[in-house]
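Next up, some structures in structure tokens.
One chain, subunit A, links the two complexes that follow: it is found with subunit B in the first and with subunit C in the second.
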Partner chain A sequence: MKKRRSAPENPVLRRQRRLRSAVMIFLCILSLLPFYLMFINATRTSNDVKSSISFLFGSHLMENIATFTQKQKGVGITAWGSMGNSLLVAVPYTALSVYFSALTAYGLYAYNFKAKKFAWGFILAVMMVPTQVFAVGFYKFMLHLGLIDTFLPLILPAITTPAVVFFMRQYLAATLPLDILEAARIDGSGEFHTFNTIVLPMMKPALATQAIFQFVASWNNLFLPSLIISSSGKKTLPMFVQMLMGESFRTDYGVVFLALSITILPMFVMYFILSRYIVEGVTLGGVKE
Partner chain B sequence: MAEVILKNIKKVYPNTEAKKHRKDGGEKLADLQITDEGVLAVQDFNLEIADKEFVVLVGPSGCGKSTTLRMVAGLEEISGGELYMGGRLMNDVAPKDRDIAMVFQNYALYPHMTVYENMAFSLKLKKTPKDEMDRKVREAAEILDITQYLDRKPKALSGGQRQRVAIGRAIVRNPQVFLMDEPLSNLDAKLRNQMRAELIKLRTRINTTFLYVTHDQTEAMTLGDRIVIMKGGVIQQIGTPQEVFDHPINLFVAGFIGSPQMNFFDGKLIQTNGVWQAETAGAVIPLGQKTQAALNAAGVAPMAVSIGIRPEHIQLETQAGAHTVAAQVDVSEMMGSEIHLHVSAEGKDVVVRVPTLELSEKWPNGLHRGDSFYFSFRHDLVHLFDTQNEETLL
Partner chain C sequence: MKTTKPEKLKSVRYSKYGYWFILPFFIVYTVFSLWPLISTFYYSLFAYTTRNLKETITFTGLGNYLKLLGLADGEKAYFLKYLGNTLRIWVFNFIPQIALSLLAAAWLTDSRVRLRGKGAYKVLIYMPNIITAASISLLFYAFLSQYGPLMSVLRNAGLISQNSNIMSSTWETSLAISFILLWMWYGNTTLLLISGMMGINASLYEAADLDGASTWQKFTRITLPLLKPILVYVLVTSAIGGLQLYDIPALFNASGYIGLPDDTSTTVTMYIMRLHSTDTGRAAAVSIMLFLITVLISLFLFRAMRQSESGRRRKKAEGGGQS
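Then we have the complex of A and B:
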């Protein structure tokens, strides 16, 4: 952004800008406050949390950590262990989802075939159906395949992610001229080779943003893992958080907040590193270069 | 090296998807024939391109020229007919196996690769040894004067430079046939002229067969050994630039080739005492020797005709005469060495091209808006077209 001109400003414009800033600041506080309070509460005792709201850090962080480390032994998995499980699911999930969605989108965009429109419509239709609708059938299916209590049912479905396909196709339509594919074809590049060496690199911004969204989605997913995973050693982070609400933790809110803070940290770090891409991703495809 | 033969080539787009497939940009399908099969984008296309010949396909947008080129490239399926390259039937051969290179209008460079990588891409795929690849890329870069940009990405290049890279990418492959789809259309006027000259030079250096598509008749005239003029998916005329300029076969070609456009008058062909004359706008135009002979040889009868005369074949007169038409100046465009006069004569808009010197000899003060004058036709340079089928009578 360029600095504003130093010329005397129109007072009406200035007032408008101030109002705008005020609204923005209010919204900012509104969305950040819960996180702040969570960190604050992680440093207070359970009774303090229950009785009052504080905006200042308490002095019981060490105590809470000690209790937390002791108590998590009781549930069969540690915070770090479940975080590892979550990573084990989220990383391949993200990779598969992004790669295959890009591939599908490319197919839908670059090739003409019968029922192309139908295929596209079908994908959009699937996008409208919530996961819960599939849940029972999916569970039974996995049961028959003997995949219950493994990570595979959490990872493999990533190959079909309609929302990502939709995004990728729109991105391709805005950024990839078909001439480039034809040039590659004439240059002697096979179709997969063209996709991997030319189309994928050109899609980098789209891949990056969708990777972030998919990673977060998988990381925060509680529903499917709760359905599939049963042994405590394989529980993912959201399931771990869920357990915090269970018997052994219920009494100590300070510890619960501490655990929540720990689980949320990776997301925070990721957001700060990649926020540029996330913002770009939201506006992506809207403007054609 | 290779000659290219197109035999009865036909392209049909099935009705339902016709619009989606069309490539030439916002084209009107109005000109194209529509049958039960679908839209006939190209039909009865017969052309033999000799080895090392430079052939230009030219026509208004939507005439099927790009489609034809894409069929030669293998990017579009050929609906009917046969395509031979170097004696081999190519209908079902994949683009990469046709030994062709193609330059696109929008360059179609790979944006994430450097200029060097762009040019080396096809060689890499052919598993060319590194040193040979490097030599070829540098040679091509040398020819096109882009050596200093080899490490840059296409984004950092200007339009002209990008087009050079696109041409370079084609050169390194040393193809049998060089296909170009409106390669200069995205450049500004000055650069286009410059690149046009460079293409002519380039051609002498990489002596191979060229098939070039453009909608710009100037490009067609200056670059082509032969020009193929198309309209509505059908070839109108094939000939050298001189042939199509001097002897346009029908009204369309006559109007398309030449700039400014040829002027047309509605008139009558009459015969008095065995001598043919054309009558229009109150003037009787005597026809020259060659025209007389041609008309007699064709055995035509007196009939209604369209009389065509190129702007530079109109003679200005200060005095009215038996063969002159009265006119009034609407616009006078000073081009430097010559002047383009847009005039109205008998309710028609007519363009006249006249050397500046010649004009100032007759009218020392010049001709301005509203001035009246007379013009006549250069006898042997009059074109006559049948008003019924729009074909030439000569």
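Then we have the complex of A and C:
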């Protein structure tokens, strides 16, 4: 029943399609071009970068790598070191965020307790409250607890990500029949045991989608780490990028582009491997931080 | 609905478990968010002055707020200034963003003019949203800075004057930041609008086609009105995100926590970062004002959502069996 695309069609429609395709292709090129030129410039000398734009790779990649390796010794942390720190934060952050959000969502979905309405309303209400508005109090409190310059203040708040709870609750409402829980109870399964062994595995698609977004959010976060982390050895990747603005890098354009390429590459690769799920996830959840 | 008595009893017995499941969330939220928010308000009522390395703290009531709003003697309205910077950057990103996203979403969901490679388009226009904003900001800065590649090429070609420099112009810097935001976010907005448009009943368009409606008429009379809830959602989340704007202006043409040129691209959150360790009281007052604005915007969202919901219910009640 499908109309064949190749069927001779209205010339007006055909012209429309050509025009629209051209605009869409232009937008796609616009998305890729800055990254393409960045990778190109990472292989050129500073003078070449300054004087012209090239679409072909240069031959100075190794020199730039050598200069970059030399220069990053001066700032107290390497790009790889900062990525390691970002992983140390983002991995536990992601795990805590999806696990506890699923736990909270399940509690709100599967049980009818008195404060349920209030709890759900509260989560909806605070969904829009950004970290920035309580950053001052957060900083002072962490100072009192002696947690400044540690990763804990960056990881523990993951237990409370209201937007993820919201998404998980909607997912449970659409996919989890409550009869299963009754059946598990009859089999003598405890409530937490049921959650961990039956509910959680059923939520895998939702957990995976949210895990990707939470990992990205944590990996890319600049504000909170800037507030909490002070010693250079503990700086996260976005903080490392911030240091590239400093005197030691600024003057050498080839090296700046190389450094940026290194900081962007992991996310770039990850995106193109997972893009299908990510694009689907945006449309599904409509949840953003 | 459970009706038999024993079952009801059982569900009551189990229902208490709900508290255990949601307990971790509420404990951690209280400790790491609610308490910091309350203490931020508390700090905002005090003046912190440091003289000879000694910090003195005195109660000042709403003094910090009055100062930041320019209502105290000899004080510049810094909050309003930085809020203005933030809004200027946000508005010039949002208006073209919503227009472009509507266009792209309408094209990608059009069933009459079917585009090929829709999946690839979506993947590519969304891509910048995932990449570290700090890196993107510095990337654009490197391209656009006075001796960067783009400006040098334009200068050598005689297209711009010898000493023209985006980084020394308030408007050009601000628009460049808006462009980066637009470039990073329109893909996300497009995907949200696509999901909204896919939810619109196709028979409405078929009926309009039968009546000989033009593409533009269908867009303005069917798509836009039915898309209103999701448009409000996009507007509100973008506005709240825009108020927190930090990564991009902090790295694009900035020094310390000062947005160049001449403090004109400094955003509210950059100001909080600049003050938080030296003038806690004032930083806290800035935060609380930002919080209040966020609450107002959120309330607007909830009201609009409730209106559209009750409107739909009313229409359903009135129109009975429309379809």
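Simple rule for what comes next: the second predicted complex is superposed on the first by the 249 of 289 C-alpha atoms of A that agree within 3 Å, B and C clash if a C-alpha of one lies under 4 Å from a C-alpha of the other, contacts with A are read in each partner's own complex, and residues count from 1 in each chain.
By definition in this document, contacts are C-beta pairs under 8 Å (C-beta built on N, C-alpha and C of every residue); 3 or more make two chains touch, one makes a residue touch a chain.
All of these numbers come straight from a predicted model, not from anything done at the bench.
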{"item": "Which of subunit B and subunit C A:L56 touches, first, second, both or neither", "value": "neither"}
{"item": "Partner chain(s) touched by A:P201 [first = subunit B, second = subunit C, both, neither]", "value": "first"}
{"item": "Contacts of A:A183 with subunit B and subunit C, given as first, second, both or neither", "value": "first"}
{"item": "Residues of subunit A touched, compared between subunit B and subunit C (which is higher)", "value": "C"}
{"item": "Which of subunit B and subunit C A:N112 touches, first, second, both or neither", "value": "both"}
{"item": "Partner chain in contact with A:T263 - subunit B first, subunit C second, else both or neither", "value": "second"}
{"item": "Subunit B and subunit C contact sites that coincide on subunit A, given as residue numbers", "value": "112, 185"}
{"item": "Subunit B residues touching subunit A - in the complex, by the definition given at the top", "value": "17, 20-21, 73-75, 94-96, 100-102, 104-106, 108-112, 121-122, 125-126, 169, 173"}
{"item": "Subunit C contact footprint on subunit A (complex, rising order)", "value": "5, 13, 16-17, 20-21, 23-24, 27-28, 30-32, 34-35, 37-38, 41, 49-53, 100-101, 103-104, 106-108, 110-113, 115-116, 119, 123, 125-126, 128-141, 153, 156-157, 159-160, 165, 185, 191-192, 195, 216, 219-220, 222-223, 226-227, 237-238, 241-242, 244-245, 253, 256-257, 260, 263-264, 267-268, 270-272, 275-276, 278-279, 282-284, 286, 288"}
{"item": "Subunit A contact footprint on subunit C (complex, rising order)", "value": "11, 14-22, 24-26, 28-29, 32-33, 35-43, 104, 107-108, 112-117, 119-128, 130-136, 138-143, 147-150, 152-153, 156, 183, 187-188, 191-192, 194-195, 230, 233, 236-237, 240-241, 243-244, 246-247, 250-251, 254, 269, 272-273, 276-277, 280, 283-284, 287-288, 290-291, 294, 297-298, 301"}
{"item": "Of all residues in subunit A, those that touch subunit B in their complex", "value": "112, 177, 179-180, 182-189, 193, 198, 201-202, 204"}
